[in-house]
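Here's a structure for you.
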């Protein structure tokens, strides 16, 4: 910007910057500040001098520092980045460097500024539209839609058949759950095993402990076996006996804990 | 609120009647309460004649879906009386039939004609009046011929509606117990609640209360 | 299902179009909220064509004190904006929105679906929780689909209430949208030297706007 108007514009920019510094709190971040500074260039945002803008921003930051105004960190980050950008723009490109060129970075910053400005303009246009409750209005006496609720009951054929089957087979199920005659409880088995276990010094098959009369009928045998097994687990847990099984599905053997 | 040309003019000259009609229309539409003529006049530009504008508006809405009606000494726009049915929204809620009802229905279907006493004997618990009523109301069962036994009890049979709903040609097409078992449709275990008769009783009571809801 | 007289008739024949227009008129007048075409059809007798009736009704109200407006895929009756000055009584005092909130709203509207990071990238400053909350509370924005990028960030889109509030038929009618897009100002352009942007961004946006139609 080494032309005749330069000094005048620089002065104007500086004055503007002074004013800006006073209400630095009014800015919504560094991009907002940059956008405001760019207005002093009085050109189309697309033709803006990013180098000039960087200089404006950096001098703004310097001033704020001399005036001991606390600036949020992101303003300082932007200052550092703009200083870097400035050096990229001024120095000849380093052929070794594969990063983006100063021009690319500057173009992106210009794009960001233009985009922010565009969004501001769009927001303003949006808010200038006729708005509900301000310019146009909704129905003042809306009539509520009364809801008439109808309940429809459903059942499937399967429900029906299962329901019937449930009733008709109730009797068949009774023995399993109701008939105590064919059930040996854990308590019964435990009591019995406690009495017997003192004699089991050697490994003995668990199945041999089934009480008389419980090894014939499959139902009774199942119940007694299950309870006996549960009882031995309980006894083993207490340290009274030891359990072993030599192979998968092999007979389970127990013996009294030696010295126990 | 941009005070536009026509309003300022109206300080000296009332807006055309068509415009006044629009104004009355907008005010009646947006007001939360019926509006009196004097209120209308107060809100409209000077020189406006709300009463006349109202008459025009009222005529315009004759035979429409809404009409301009007088409520006390005020005016409002209301739904045309013949379209009131549109202000109701029917919602259909689907609910599973209670177990008591399903079982009762099943017994009627398998044993029809069945008396109430027979249903109770098969279920092992008493059948509440509500359960029967519900099934009658659903038109899934109806009264059959009275049984020619002492007391001449009523019987229940299933209806055509029942057959349609369950996709059956005939109640005799219902599979028997053996077929149900073969098809794996029998529960292997009695569902909770069927263990003891008294428990079932409670259960039914609970269902009855559900019916009430 | 209490199918009342008129509805049963309609199973066989839809009411005449003039009658359908009255029905649409009554329903729209009765509702403060926009009503969708499918809702209208659901409430009107079978065979009715709410979409066609709406077109007739819209024409009928042209230039009147209230007008039939389209809001997304729904319709509503609203007072004519030029009569707003009559409605001082009905005017709703809205909380003044902060500049941050207004800009955030515009960014969501023009870039939707937009992630928080995108909003921050455009504004160059972090978005405070309160800003988003306020817009959500006003029901002007809502959550859109999560972006299929690392972190699966939530996106924001504008709502029907937004369209209704600003008198927009759909999001494509946003002022200056075409120009902004043509100028490339709605592109998701990454800073140089960073990885390529998620390509889905633009596609999704295109889809979004198509959805609104």
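A, B and C are the chain letters, set down in written order, and residue numbers restart from 1 in every chain.
The definition used in the following text is that a residue touches a chain if its C-beta (ideal position, glycine included) is under 8 Å from a C-beta of that chain, and two chains touch if they have at least 3 such contacts.
As the structure is a prediction and not an experimental result, all values here were calculated from the model.
Student: Of the chains shown, whose Cα mean is nearest the mean of all protein Cα atoms?
Tutor: Chain nearest the overall C-alpha centroid, as shown: C.
Student: If you take the mean of the Cα atoms for each chain, which one ends up farthest from chain A?
Tutor: B
Student: Please compute the C-alpha centroid of chain A, do the same for chain B, then give the distance between them in whole Å.
Tutor: Here chain A and chain B have centroids separated by 41 Å.
Student: Using Cα averages as centroids, what's the distance between chain A and chain C in whole Å?
Tutor: Comparing mean C-alpha positions, chain C is 29 Å from chain A.
Student: Compute the distance, rounded to whole Å, between the mean C-alpha positions of chain B and chain C.
Tutor: 31
Student: Among the residues of chain B, which are close enough to touch at least two other chains?
Tutor: Those would be 1, 26, 29-32, 77, 79, 87, 89-90, 92.
Student: Send over the residues of chain A in touch with two or more other chains.
Tutor: Where chain A meets two or more other chains at a single residue, that happens at 134-135, 137-140, 143, 145, 148, 150, 152.
Student: Once bound in the complex, which stretches of chain B touch chain A?
Tutor: 1, 26, 29-33, 76-79, 87-97, 99, 101-103, 105-107, 109-110, 122-124, 134, 138, 166-168, 174-175, 177, 180-181, 185-187, 189-191, 194-195
Student: Would you pull the chain A residues touching chain C in the complex into a rising list?
Tutor: 28-32, 34, 74, 99-100, 104-105, 107-108, 111-112, 114-116, 118-123, 125-127, 129-140, 142-143, 145, 148, 150, 152
Student: Could you list, by residue number, the parts of chain C that touch chain B in their complex?
Tutor: Residues 1-2, 4, 6-7, 21-27, 29-30, 43-44, 63-66, 77, 79-80, 82-90.
Student: Where on chain A does chain B make contact in their complex?
Tutor: 134-135, 137-141, 143-170, 173, 177-178
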